[in-house]
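For reference, the structure is listed below as structure tokens.
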Amino acid sequence: MLRTLLSEDFPRSRALTAVVLLIVLGLVLAPFVFPGIRSLNTAATICIFIVLVASYDLLLGYTGIVSFAHTMFFGIGAYGVALSLKAFPASWGAVALGAGAGLVLAMGLALVIGLFALRVQAIFFAMVTLAVASAFLILASQLSGLTGGEDGLTYRVPRELSPALKLVSAKVMDVRLDGRIVSYYLIFGSALVLVLGLLRVVNSPFGRVLQAIRENEFRAEAIGYRTAFYRTAATCLSAGAAALAGVLMALWTKYTGPDTTLSLSIMIDILLMVVIGGMGTIYGAVVGATLFVLAKNYLQVLMASAAETTAGVPLLNELVSPDRWLLWLGILFVLSVYFFPTGIVGRLRGRA
Amino acid sequence: MTDQTSDASIPSPPLADRLKAQAPYWTVPGLAVLGLVLIADASTWGTLTLAGLAMGMLIFIMASGLTLVFGLMDVLNFGHGAFISIGAFVGATVLLALTGWTGADSLALNLGAVLLAIVAAMLATGGLGWFFERVIIKPVYGAHLKQILVTMGGLIVAEELIHLFWGPNQIPLPRPEMLKGSWVAGGVIVEKYRVLAVVLGAAIFIGLRWSLVHTRLGLLIRAGVENGEMVEALGYRVRRLFVLVFVAGSALAGLGGVMWGLYDEIITAQMGLNILVLVFIVVIIGGLGSVEGCFIGALLVGLMANYTGFLAPKVALGSNILLMVVILMWRPRGLLPAGKG
Amino acid sequence: MTATEPPVLRTEELTIRFGGHVAVDRVSCAFDRGTLTAIVGPNGAGKTTYFNLISGQLRSTAGKVVLFGQDITGLTAPRRTRAGIGRAFQLTNLFPNLSVLENVRIAVQARHDTGLDIWSLATRRRELIELAEHHLARTGLLDKMDSVAAELPHGDQRKLEVAVLLALESEVLMFDEPTAGMSVDEVPVVLDLIHQIKADTAKTVLLVEHKMDVVRSLADRIIVLHNGALVADGAPEAVIASDVVQQAYLGTSSASGDGHG
Amino acid sequence: AADPYKIAHVYGKTGPFEAYAKQSHVGLMMGLEYATGGSMEVNGRKIEVIEKDTQLKPDLGKTLLAEAYGDDDVTLAVGPVSSGVALAMLPVAQEYGKVLLVEPAVADSITGSAWNRFVFRTSRNSSQDAISNAVALGDAGNCVATLAQDYAFGRDGVAAFKEALAKTEARLVFEEYAPTDTADFTAQAQRLFDALGKAEGCKRKIIWVVWAGKGNPLGKLNALNPGSQGVELATGGNILAAMAAYKELPGMEGATYYYYEIPKNPVNDWLVAEHQKRFSAPPDFFTAGGMAAGIAVVEALKKAPSGDTEDLIAAMEGMEFVTPKGVMKFRKEDHQALQSMYHFKIKVDPAVAWGIPELVRELKIEDMDIPVRNRK
Amino acid sequence: MAELLRLEGVHTHIGQYHILQGVDLVVPEGELTMLLGRNGAGKTTTLRTIMGMWRASAGELGLAGTDLRPLATPDIARLGVGYVPENMGVFAALTVRENMLLAARDGAMDESRLEWIFSLFPALKKFWGLPAGNLSGGQKQMLSIARAMIEPRRLILIDEPSKGLAPAIVDALIEAMRELKRTATTILMVEQNFRMAQALGDGVAVMDDGRVVHAGRMAELAADPALQARLLGLSLGAHQ
């Protein structure tokens, strides 16, 4: 059973198994073990980013395609739901409609980009997608009548997901069981299904072809694979999964705007999560996303306490002030690439 | 021994092939003529074309360093954006200290101040480039993805350091007195500052091209990118060479930063990142590692922005992307990919 | 093989020009089922390029490639592979970071057209794995099947290259210097394999090889390319003895023999 | 002592708007200080300010605001800098039923289509900006063309401007929109010059620029010698650093929200003097706004000591309070603070690093007809 | 004759693999020493270790008294060591001329040497101005060898030069090597073509499993089929 669920792709290292179990357990119990709005939000963000990063890994780690357009697909999914919930009364039908439309549009766009980009070199593809994604970002802000422009869209979600819903009046373990909890478990469940699905795809014969293309595209052609087709298919699949992650994001935040879904900085975060976690392993996405989202959410808190302890030291205090958190994030970028050249998963497996 | 000796050389390719190879060089005049036809008004066309070409030169100055590093060393350096910003800030510091010179009604003093600012900026960014290469890039040669990440990290750190040193405010950077305003002749407006940009851009272009095509240095760099190990086995210190190229590329970014800062007259820590996508587009259109291609690409982008901005403002937004798509459809490796001269 | 059976593979006036240089010059040649044809010629004669034209890595400037009576000149490389043309490369060309087994398995999978299956598990398609293991056994690589391809010594990489080709089960097999760089004790393994393939009369084999003893022992027929053109075609001994081969290819001093190579 | 009033300042401390954020926070703290006479106490209870950094991210802004309302249990919240973040935060105020005092985000929709009754705003909105500029440029015989960014902020601004200009004697002849990332404005300038060139019967020809963010269209238009085409430039006010560019534009007219030398009242005098003393620099654009918010908070708490939301809303609706800009008033209908704007003309003093906006005329609350836009 | 190159107990690790496990090898000055051995024996690794491309983890490596171990590859090359790698290492984007130009370290090619090279490998002259990437497999091999020959060197390391060359060119190559020896160039050559090895070698070393298992004179090995069979497995494949 577990074998099938995990597609016979096990962590293959005791340490990694422990880490993954810890993460899953942490996420399952998050609302009760770490109460508070901030931590619940962190947990939900982790779930969403795990899907997003895993879908990107399908492209980057498994197929060897560097794309900067992944947030675009993420955004399309989110905007799909946002627009639909804005246009229609908040119902599950509207959510499904928006999600469906986003999915179709994302995959369609991925198809177009894929078909075009097959003609150009790998690194060109990266730059092309960078340009396309930034144009899309500008377009989204320009079509303000539709998308709310820079300001984004705020909307209501189905009643079951809003705090207004009270499941039981009493608190369980000091936590109120309201729509937010429902919402969280919806996101957790969907993320789990999507990640297992992606794990299945990369271990299927199709996934193996992608790896072969990554290794030696010329040779893959010579043994009879139409690599153009496979690469496009991978692009579409990953775009679709990203769009679904966007749907989850839209449902969770009840707000969709360029800064939460389309921006280049999210794209860079995704890249970093894949690389820190370990490319070409879905487990890497899980570990990378978790660590990075945690770091990003609590870096400022950490620095605030560092700033307190160094209150007397002039320059140092300036450097560790929470306002300079970006500085440390940048340093984190550099260091994590150095210390985890094969990703955390590579590290853990190497030791085991 | 064998009759392989008999034919000493191969015949040159047919005319059609040669014409096709030259086509990229005709794109700029072609676009200009197309612009004239569509705009139909000679003086408007003149204003737009001259401005567009100068704009192209400015972009080229910023892109040249990137194409050098990206094309020759195969390093995708997002930190380039930070060098542009830092160059601008260092240059601005010098220029703001020399208000006596910049405010004077003397072209010589004005240019002197700009020159000093440029030298200071190039020294600063060149030095920073050296540090960057040693500390940040060195461990990730050959790994694009990691390059993207570490240089992105470097970019963030550099932007933050700018905030730390120069404060979070944008800094106004007025042009020197004699470079303000425009000349107007027969309805054609020519901004004075853009003339400086053209002169500088052309000088850089010629200098770079010469040193890459006519010196061993260029040869070595090209060989080193392809197979650094083999270049070392021939007795050259590739590492040192790469540092040199990287420093040169960074210094050019600094120069570009000063010029762009003076163009915008306002500088911010994010300016480099903001312009970076455009710079990447130019490098791609040109073809990796080709200084000529980058030059042509920059001019095309400059012209295209002005023509579309005038004729169809709605299209202006996507004009660069459109240009890139069209060029890549025509030539999947860019206009003049390196390895062709 | 009967005399009346049409050739499996045929090229008609096949030509490619690079700029002003004609690398393959109007080569017309037919290959019959069950034969092994050796292609020899000086370095740069156009042998590899001729292979590339047949298997689709290069597009011809003029001329046709006909397989089983069908014109395949317009097909891409993958389509030609599916149509039955398999080849091994002059410079080793594998999936470097995949295991030896996976290198072959992926070829088996290509042959059985299961690449589009995104839902079953690759590890559970036993039949494909068994086939891959069978091909590895034939090439003597079975005990190394878990090694990573890039870490194999050169000789084993050449063998793996052959195993991948076998896995494609093509009707036409093309070998480009399969024994280059192989140590003398390894060469026979590959030669035996080619012998075996040849014994299977359904296959048509094209072989580029510079080692004349290998050519002599394997070939049913030799064709000679020189400056891109086909200059001799016939039974091995006759062709080797011909002036053009003696002068243009073997060189004067080596007429006495080429020793072991 | 009694429990302190907890106030959350939720704003984008880090990121591109760091400079604005700093000003806003300094202003808020000085406002609280001024209004409490330096004690930071009101009704005998301390005021405690909790800072939260949205990093300019709407999703983070929402979470932090929810955290402030839910976990920290604040009385009310102030912020944020960017309109996008503000719009994302509005529903949170409603969800938690607590007051959000918006400062300094300007989008019309905050007190317009996206408004809910828990939202108040001390900062001016885009309409106020646009309308004051229209009034400033509205003399008879003026032909005006606009240059704006091609997105919501630009288009809304021009729409409001257009509406207001129609009520004056000036005439709008052309609207030009450029993509936000435009680097070269030659094409736009050419189109504007052409359009104004064709306009007939104009006493003055003016290009009004409304632009926020990167690019410096004003400087670039000016470099093209608009004077030689008989064209003048105009734009609104800005932070001091940005107004350095105005040094090239002596005589330029427009309307601004604040410049420290313009308002003459004790609050502003205190602000200018104290700010100069503490930071050796005059207060800037967003400092004044922050201070207004601080004063508003204290005044509201004085009127509604319980700190209870409904009491606060009741107290604040229609409340008048004195700020560095003189009297402001929260309009009952949409909770927007109505306030004076200033018609200025740029004077250049070589000793000052920026172009100095000299007051031409104070546009009082009653001089401007600011539409109420929150009716659904 | 004096020894030029000396390896003593050299160990090399590549990643976690222990490839060379104590190689002892002496190359006398002015001679051509053949390095033989089956695939994977460690021949290429030995040459790369000498060139400093892999780092020896233990042992001694000396060239005419100079310790090579602390030196970087460029410095080793500057001692007058030429290298023809297994995979030829031509710069595909550069023309044949530019490839040669880089190999001539002071920037100018000696005319007479060039003529000599053209006479051995006429194809190079023909494709002089073309990108080296367009050359055929054998032509690339010729270019790679020619690069090592364009300047006088003290020591040339050559990895399987005859691979992929037509018989006539192999003859030319043998001629070239003899000529190089006449100009007092020391050569260490890895080769699978025993005919060529026999024709050229003065000394011989045979490797297996990362060690030198036999060292001696070529003439002895050539005269002793039993030894050949034992060391190289020659009898198996020689006369199929």
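Each chain gets a letter, A, B, C, D and E, in the order it is written, and its residues are counted from 1.
The definition used in the following text is that contacts are C-beta pairs under 8 Å (C-beta built on N, C-alpha and C of every residue); 3 or more make two chains touch, one makes a residue touch a chain.
Composition by chain, UniProt nomenclature: A, B = Branched-chain amino acid ABC transporter permease; C, E = ABC transporter ATP-binding protein.
Nothing here was measured: the structure is a model prediction, and the numbers come from that model.
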Exercise for the section: Tell me which of C-E and B-E has more C-beta pairs in contact. Expected result: C-E
Fill in the blank from the handout: Top of the farthest list for chain E, CA-centroid basis, is D
Exercise for the section: Calculate how many whole Å lie between the centre of chain B and the centre of chain C, each centre taken as the average of the chain's C-alpha atoms. Expected result: 47
Problem - chain B-chain E separation of Cα centroids, rounded to whole Å - result: 44
Fill in the blank from the handout: When centres are defined as mean Cα positions, the distance from chain A to chain D in whole Å is 36
Fill in the blank from the handout: Whole-Å distance, C-alpha centre of chain B to that of chain D, is 38
Practice task
Among the residues of chain D, pick out those that touch two or more other chains and give their numbers.
Solution key: 18, 150, 179, 181
Handout entry: Shared-contact residues (touching 2 or more other chains) in chain E
Key = 123, 168, 171-172
Practice task
Can you tell me which residues of chain B touch two or more of the remaining chains?
Solution key: 1-2, 4, 10, 317
Problem - Parts of chain B lying in touch with chain E, wherever the complex brings them together - result: 1-2, 4-5, 7-10, 216, 219-220, 222-223, 226-227, 229-238, 338-339
Fill in the blank from the handout: In the complex, the residues of chain C that touch chain A are 55, 57, 76-79, 81-82, 86-87, 89, 93-98, 102, 105-107, 109-111, 114-125, 128, 164, 168
Exercise for the section: Within their complex, state which residues of chain D touch chain B. Expected result: 16, 18-19, 22, 150, 176-179, 181-184, 186-188, 190-191, 194, 214-216, 219, 223-225, 228, 239, 241-242, 244-245, 247-248, 353-354
Completion exercise
Seen from chain B, its contact residues with chain A in the complex are 76, 136, 139-140, 144-146, 148-150, 152-161, 164, 277, 280-281, 283-284, 288, 317-318, 320-321, 324-325, 328-329, 332-334
Practice task
Within their complex, state which residues of chain A touch chain D.
Solution key: 36-38, 41, 138, 141-142, 144, 148-152, 154, 163, 253-255, 257-260, 300, 322-326
